[in-house]
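Same chain, two partners: chain A is paired with chain B first, then with chain C.
Here is the complex of A and B:
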C-alpha cells in the first residue's frame, strides 16, 4: 500500500485500494484463471533454459527466447498473484481448468514459435503449439534440424511439460469426472493412482518423480546407444511423453542406428503403460501384478501380435525388417508417432493396421492417446452382455473385464466418450478430406491427429500431416489434436457451460413460440 | 363324399410332424421363392432371345428343386406351440440362408457361373435376397433375361420378408428399434398395425405391393420404360435393393425423368412402412411427429447441396452435378445402390461423405439397411447425455425421444447393437483388406455389405463389380450382408446355437482335463 500514488479524490482511492486488495491478496477465486496464470508463468520460466542453451550453443534466437519468456511471465505472474483456488472445486471448475490450462499451454507454445520466427504465421504458430501440447508428432516445421538448439529444447520441453499436465489430470481431474477410461477393470488404474500416497498432491509428486526417472533412463539409453548427449536429452523428453517430435527431419530413422531404435521401442512401450500402475508395481516389487491386469495383457498382446503381422506383411524377416515392424507397432500403439520407415513399407494392409493401433492407443492412465485398451475391453464386455440378454431376456448380467465387474454408470461414461470420439472423428475425416488428396490419407490423418500420434498414415509422406494442409485444414487439425489430448467430454462440457445463456434464450424463445401457437 | 375324403384326411392327420419352427418356416419361404422362379421362367419364355430354353429350364429346374425341398420341409414339420427366443432368431437366419442357397441355382443352371464358382452364385443370390445390390457378374448382358428378372425379384422377395421382419417379428424380439418410434408416435404402435402379426404382415405387404406398382407405372408412364424394365426396376426400388438388369444400372436409360422417379421412389421406400401405413390411413401428421423421419428428410435435403458444392471441380454442368448428387445421396441413404455416376471419381470429401452415410442408412421399419437413423439418434443423445452427467454427476437424466423417455434397457440394447454392428463391419473390413484388397476397397466393401448398400469405394465402386475382392474375402462379405440385413442379433445367435455342440464338446473336454489335473497323482 505504501507505493500507491496520492489519491485524486476519495472515490479514486477507494477504487484503487479495492483493486489492489483484489489483485495482490489473491481475492479472486477462479481455478481456470489460476491454471492459465500458472501455465503461462511456468512456461515463461521453462523458456529460460532454452534461451541459455541458445546462448551457449551460439544459436540464432537467445534474445527472442528471452523476449518470449518475458511476455509469458509478465502475463502469467499477475494472474498467479491475483487469483487463488476456490474453497470447493466444482466439476465445472475442473472442466474449465483442464481446457483453459491446455489452451494456455498452446498459446505459450505459439508465442515462443512466433517470437523465434520458427513459423511464419499465427495459424502455423497455433498449430505448432497445439501439436506440442497434444504430444502429437506432427509439425509445420519441415526440417527441425534447422531450428536452433534452444528452440529444439523448448519444443521438447513443451511436449514433456504436457506430459506432466496429463499426469496431474490423470490423478486430480479425470477420476472426479469419471473420464479417461480409468474406471475400467474395476478401476484398477484409479485405485492404483489413489493409493500411492494419502493426498493427490503426493500422488502427483510421486508420479512426476517416476516420469523424471523414466525420462532419465531413456536419455541414458539413447546416449549409450550412440546418440549425441543433447539429442539424447531432447529425444528422451519427447519419447517419455509420447510426443514424438525429433531433432532431425525423417524422425528417428534419421539417426540410422539399430541400437537407438531399440531404446526408443523400449521407451515407447513403457510410456504406453499406466503410470500409476507402473509405480505401484515398482513400489511393491510385485511384477506379477502386471500380468494380473487384463488391460496390460491386452496391451502386450496387441503390440506383439501387431508387429508380427506387420513383419509378415512386409515379408522382410531380416533383423532390420523385424526392427521396423516392432518400431512401427510400438510407436503406433503408444501413439508416439515416431517412424523409421515409411508406413507404406508394410503395404496397404499394414497401413490400415497401424491406423487401427493408433485409434486403440495404449493403457488407460498412460500418456498415450486413442480410445485406450480399457475402453475396448469394456466395449467387448458390453457386446457380450447384450448377446446374452438377447438370448435370456430376464437375465441380470454385469459387464466384466477380467475378474472385475464394471458398473452401468461407468459403462455409460465410457461408451459416451467413445461415441463422442467417433462423431468427432467422422467430422475430422470429412473436414480433412476437403483439404486432402485421397480418402485413405484423410482418414489416416484424422485418426492420427485425434489420437495424438501424428504421422499421416496412408499418405506417401508420413511427415506431411500438417504441411500438406491449407491454413483452414490446419485449424481443423488443431481442433482434433486438442480434443484428442484434453478428451472430448471436458471440452464439450466447457462449451455447454459457455453457451448456457444462449441455449436458455433459445429455449425460452421456443417456449414462447409454442405457447403462442397454442394460443392461436 | 366323406368316404372319399377320409383316407386323405387321415393321411394328413397321421403324418408324423417334427416340431421345428426353423424348418417349417424355411419350407414356406422356399415354396414362395419357387413361385418367383416359375414366374421368371414365364418372363424368360416371353422375352428371351436365343437362349430362351436355357433360361426357362434353368428357372424351372430351380423352381422344382426349391418347391420340392420347401414342400418336404413344410410337410414334415410343424411350429411348436412354445419356443425359446433363440428359436425365433434361428428361424429367421436359416430361412434367409436356405432361400439364398436355392436362389443361387438359376445362375448355375443358366451357366452364368461355372459350377466351380458356386461361391459367386451364392454371393449374387445373397446380395439379392438381402437387398444389397452388390454383384460379381462382369457383363450382365450375357445373363438370360429370365434369370435377370429373377435376380430383380429376389430383391423384391427379400424386401417383402424384411418388412415383416422389421415391423412385426424383430420388435417382438426387441431388436428392430421400432419400440423407440412407439414413444414418439402414440396411437396404433408401428409394430402393431393390427392385433395379429399375420394381419400386420398382410397390411404391410399390400402397401409394399401397392408402392411397387405405383413405381412401375411411374417408370413406364413418366420415364418411358417398357413393361419388363419398369417392373424390374420397381422391384428393386421398393425393396431398396438396387439391382438393375443392365450393367450401367439406372444410368443405362440416360433419362432425367427416370432418375427423378427413382429418387422419389427410393426416398419413399427408405422411410418406415409402418409410418406410411398410418399416413395412408389418414394420420398424415405422423411424419411430422416422428423425429426420425424429420431427420431422414433433413439429411437428404441438406446433403444434396453439400455434395453438389463438394463436386464443384467436376467437369459437368450444375444441373447434372445436382442431379448426380441427389441420386447418389438418395441411393446411399436409402441403401438402394443404383448407379448413374461413378462416385469413386468424385473428390475425397464427397467419397468420405458417402462412406459415412452408408453407416446409418434409412429409417427403422423400412427395407433399407444400415444402423438406421433412429439408432444414430440414440447414440448421439447417449453421448451428449454423458456431458450433462459429467457436469452434474448426481443428476438423473433419462434419454428422451420426443417427449417420452426411453427405457434404459432399450438404450443399452441399442448401444449393444451399434457396437456389434460396427465391430463386425470393422472385423470384416480388416479380413478383406488382409486378404489383399487395398484398405479403402476392403473397409468400404465391408461397410457397404453390412449396410446392404451395394457399391463401395475404391475398386469396388459403381462402375466395377465385387469380383475385384479376393475370392476368400467374398464369403466374409456374404456373412456381413446377412448380418446387417437380419439386424445383427439373429445371425449371431443362430451361429452360437449352431456352434453349441462344438462348444459343449470343447467345454466337456476342458472340464475333463481340469478335473484330471486337479486329481492327485
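Here is the complex of A and C:
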C-alpha cells in the first residue's frame, strides 16, 4: 500500500490485521460452529459431482444443483475460516458438535432438495434431508426414478456421508457416553476398550478406509450381479451406510434379480458388524476372532433364527421364499430398510418379528440403528444379576457379555438409553397415530423411524411411511429419525446446555419467591 | 554353605530358620530393624539392615562367598535385582519370589534368564495348591503328593470314631500284611512329634502322618475315619490372590464356589474374573452374613484372609453351623495349639509351603520336601545315589537312627511301602521321615 500516506497505511494495516486476527486467528473458538461450517462447506462441494453428473446425463437440474452448492459453500466457508477448534474439547462441545453437525447436514440436504424442486415444501425438504442424514430408507419422493441422476447421486451421498459422521461419533463421542463406542474386541462397551490406534485421527482414518473399501466391494458385487454401473454405485452408497434408499420405487425388489438381492444381503449383513471389530479381524487375519465375539455370535444367531422363522411362518420354502426371508431378516436387523416383498408376506407374526428385529438392530459400533445387540445382552446380564441379588443379598456380580464385563456406570447409561428409546418410541407412536397412521402402522413406523430403518412394518404399503403422514406427522418423523441417528443422550445433553440459563433464571425467581415468603 | 536370605518376612524368616537348623551359615537382609531384632533373638543367623536391591547391603552380607541367594521379599523388582547382583557376583543358585503372573509365566522367561533366576516361588500359588489338595481329602490336615503322584502323604487328627483309635501299630500292620498300601510315619501327641513304632497304640486326638500308595488311599481314609465324598460346594472366606486361584480351579471342576470379601472393588474384580463363582460383599466375621448364606451347608469352608483371628473365628462358626470341613490359613504359629483344641480341621501357613520349595532347591538332589506346621519332622524324597552305603543293603541292615524312617520306595515308576527287608538299588527314590538335624545323615546314607 505504497500509494497511501504512511499514517493511513498504518491504520489500514492495523484494521486489516485486526480483522484478520478476529476472523482467522481463532478469536472465535467453537466446535459446533466449526462443525456446521465444515458440514455445509463439504456438503456444497459434494453437490458438485451431482451437478456434473446431471450435466453429463442431461438431467434437469445441473444449474439448480450448482446454485445449491454455491449457497452451502457461501455459508460454510466463512465459518470454516473464522472459527477454530477449542484448545480442549469438552464433552458438551462434542455433544453440541454432533447434534449441530447432524442438523447442518439435514438442512444442507433440505437446501438441495428445495433448489432442485424434488419436493414441494420446506417441511418435505427437511423431512427428506432428515431421511438422508439418518440413513433411513423412507422418503417423501414417491418414485425416486423420477429424480435426475444428479439428484439421486446427492441423495445416496447424503446417506453415505452420514455414515462417515457416524464413524466419527463412534470414535469420538460414543466412548464418552459409554454406550458402545470404539470397542475393537467385539463391539461391547467394556471397561477396558481396545482402540485401533492411539490417536483419534488414526482411528477415523482406519475406519473410513474400511468403509470406502466395503462400499467399493458392494458396488463391484452389484455390478457383477447385473445392476447398471451407476445404479450399482448409488446402491452401494446406501447399502454400506445401512441407508436403504433405492433409485427405484419398490425398493431393491424393483431390480427383480436374485443375484442382486444376495449381494444386498451380504452387504447389509456386513454393515451390521462392528466396524472397529471388523477392522481388527481384517488386519490380524484371524477370522476366529469373529466367533470369539459374543455379540457377533448373538448377531448371527439373531439373523439366522429370524430368517428361518420368517420363512417358516410364510410357509414358502421355495428358493425365492427363502431368499425373501433371508433378505427381510437381514434388512431389518441391519436397519437398512430395503425390502423385496411386502412384509405381509410373512403374516402378522412375521411383521411383529420384523419390528422387533428393527428395534434391536445390529452390533454396537456399527452403522445400524436400534438399541444394538450388545445392549440387549447387557439387559439379559442385568436380569441375571438381579435374580442372583434376590437370592443372595450381599452378592456382587458384574454384568457380562461373553468374556467381557461391563462396568456399573456403563450399565446404567445403557439402561437409561434403552429406557429413553422406549419412551421416545411410545411418544412417537402416539403422535404418528394422531397425525395420520393407523395403530399398527404407527407402531411399525415409530419403531422403524427411531431405529433409522424406514419402512412402516405393519402398514399395507411399507414404502409410504412418510407420504402417508400429514405435515405435522412428518415433523414428528423428522424428530424420530434424527434422534435415532444422533442418539438421545447427546440431544438431551445439548437441550440441557441450551436451557441452562433459562432454568437458572427460573430457579432464582423461585428462590426469590421463597425468600420473600420467608421474610413475610 | 553360606546362604543369603533377602527379606525377613513370614516366608524369609521361616526359610532362614529351617536352613540354619541344618547347619548352614545364613545371613538375612531386611529393611526393618524390628524384624531383624526378632530374628536375632530367635535364630542363629547373621542379620544385615538394608534393602535387598542394595549392592552395599549384599556386599555386607558376603555376597562373594555365598552359594545361594533366596530373595523372598514381597516386592518382585527387589527380588529380581538381588538375584541379578548375585549372579553377577558368581552365586550359582538363586531363588526369587515372584508374584506377578507375567514374570512367572512364559512371557517373563527372558527377564528371568537375563537376571539369572534359578528358581521361582510364589507363596500364594503354592498355598492355593495345598488348599486344593486338602479340599480333595475332606477332614485331612495335610496332603502332599510325592514320587510323581504315586505316593500320598496324608495327615489327619484321629476322631473318636476313627477305627484306628485304640489299635497298636503292629496289629494294623498285621491286618494288611503282606501287601501294605500305607505306613504310619509320625504321630503328634501333646505337642510332641515322634516317629511311630510297632508298639505304639493310637489314641483319640493323635495327629498322624501316613505315607500311602495312591491305590491304598480308600483303605487309609476308612481307617482314619475320613469321609469319602465328592466336594461339591466350597466357601472361601477372603478374596485375595490365593482365593482367586483356588476358586478358578474349583469352578473349572464344576464345584459351586462362594467367596466372601470385605473390599467392594476386590469383589468386582473377583466377579469379573470368576463368572461362575458367587461373590459376596461383607466381613467374614459377620455372623448374619454367614447365616444368611448358610455357611453350614458347605462341604468345605476355607478362611484365608490375612487376619488369623478372623480366620479362626469364621472357621469356628462354620464348624458350629455344620460345615463338613474347615481350613484356616494362619500366620502366627503360636495359634496352632488353639486350633487343635477348638476343632478346626486343617491349618496352613504360607511360610511352610514356601519353605518346602526353597529347601528342595537348596538340597539340590532332593525331589520333594514336606515340612509341617506342627512338629519339625520333615518328609524328604531323594534318589539313592551310586557308591553309597544304601546300595544293595536291606533297610534293616542300614542301621539308621531310630528317628529316621524309610517309608516308601519308588522303583521304575512303581511305588512300594518300605519294609525292613526291602533292598535298595541305584536310582531308587526313597521317602524318608527325619528331623532337620538328621537330614545330613540321611544324605550320607542315600547320597
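Keep in mind that, in the parts below, the second predicted complex is superposed on the first by the 473 of 520 C-alpha atoms of A that agree within 3 Å, B and C clash if a C-alpha of one lies under 4 Å from a C-alpha of the other, contacts with A are read in each partner's own complex, and residues count from 1 in each chain.
Everything that follows uses one rule, which is that a residue touches a chain if its C-beta (ideal position, glycine included) is under 8 Å from a C-beta of that chain, and two chains touch if they have at least 3 such contacts.
Note that the structure is predicted; figures quoted are calculated from it, not measured.
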Quiz item: Mind checking chain B and chain C on superposed chain A, clash or fit?
Solution: fit
Quiz item: How many degrees apart are chain B and chain C as seen from chain A, counting from C-alpha centres and rounding to the nearest 10?
Solution: 70
Practice problem: Would you check which partner chain A:405 touches, where first means chain B only, second means chain C only, and both and neither mean what they say? | Solution: second
Exercise. Tell me which partner A:395 touches in the superposition: chain B (first), chain C (second), both or neither.
Key: second
Practice problem: Check the contacts made with chain A and report whether chain B or chain C touches more of its residues. | Solution: B
Quiz item: Between chain B (first) and chain C (second), which does A:474 come into contact with in this model arrangement: first, second, both, or neither?
Solution: neither
Practice problem: Considering only the touch criterion stated at the top, classify A:387 as touching first (chain B), second (chain C), both, or neither. | Solution: first
Practice problem: Using the touch definition from the top, say if A:155 reaches chain B (first), chain C (second), both or neither. | Solution: neither
Self-check item: Contacts of A:323 with chain B and chain C, given as first, second, both or neither
Solution: neither
Quiz item: So, does A:61 touch the first partner chain B, the second partner chain C, both, or neither?
Solution: neither
Quiz prompt | Smallest separation in angstrom, by C-alpha atoms, between chain B and chain C in the superposition | solution = 6
Quiz item: Can you list the residues of chain A that meet both chain B and chain C?
Solution: 392-393
Quiz prompt | Footprint of chain C on chain A - complex, ascending | solution = 388, 392-398, 400, 405
Quiz item: Touching chain A in the complex: which residues of chain C?
Solution: 264, 267-268, 270-272, 275, 278-282, 289, 292-293
Quiz prompt | chain B residues within the chain A interface of the complex | solution = 85-86, 89, 173-175, 310, 347-349, 351-353, 355-356, 379-380, 382-393, 409, 412-413, 415-417, 419-420, 423, 430, 433-434, 436-440, 442-443, 457-458, 489, 492-493, 496
Exercise. Would you pull the chain A residues touching chain B in the complex into a rising list?
Key: 91-92, 95, 177-179, 348-349, 351-353, 355-356, 379, 382-383, 385-387, 389-393, 408-409, 412-413, 415-417, 419-420, 423, 426, 429-430, 433-434, 436-440, 442-443, 458, 489-490, 492-493, 496-497
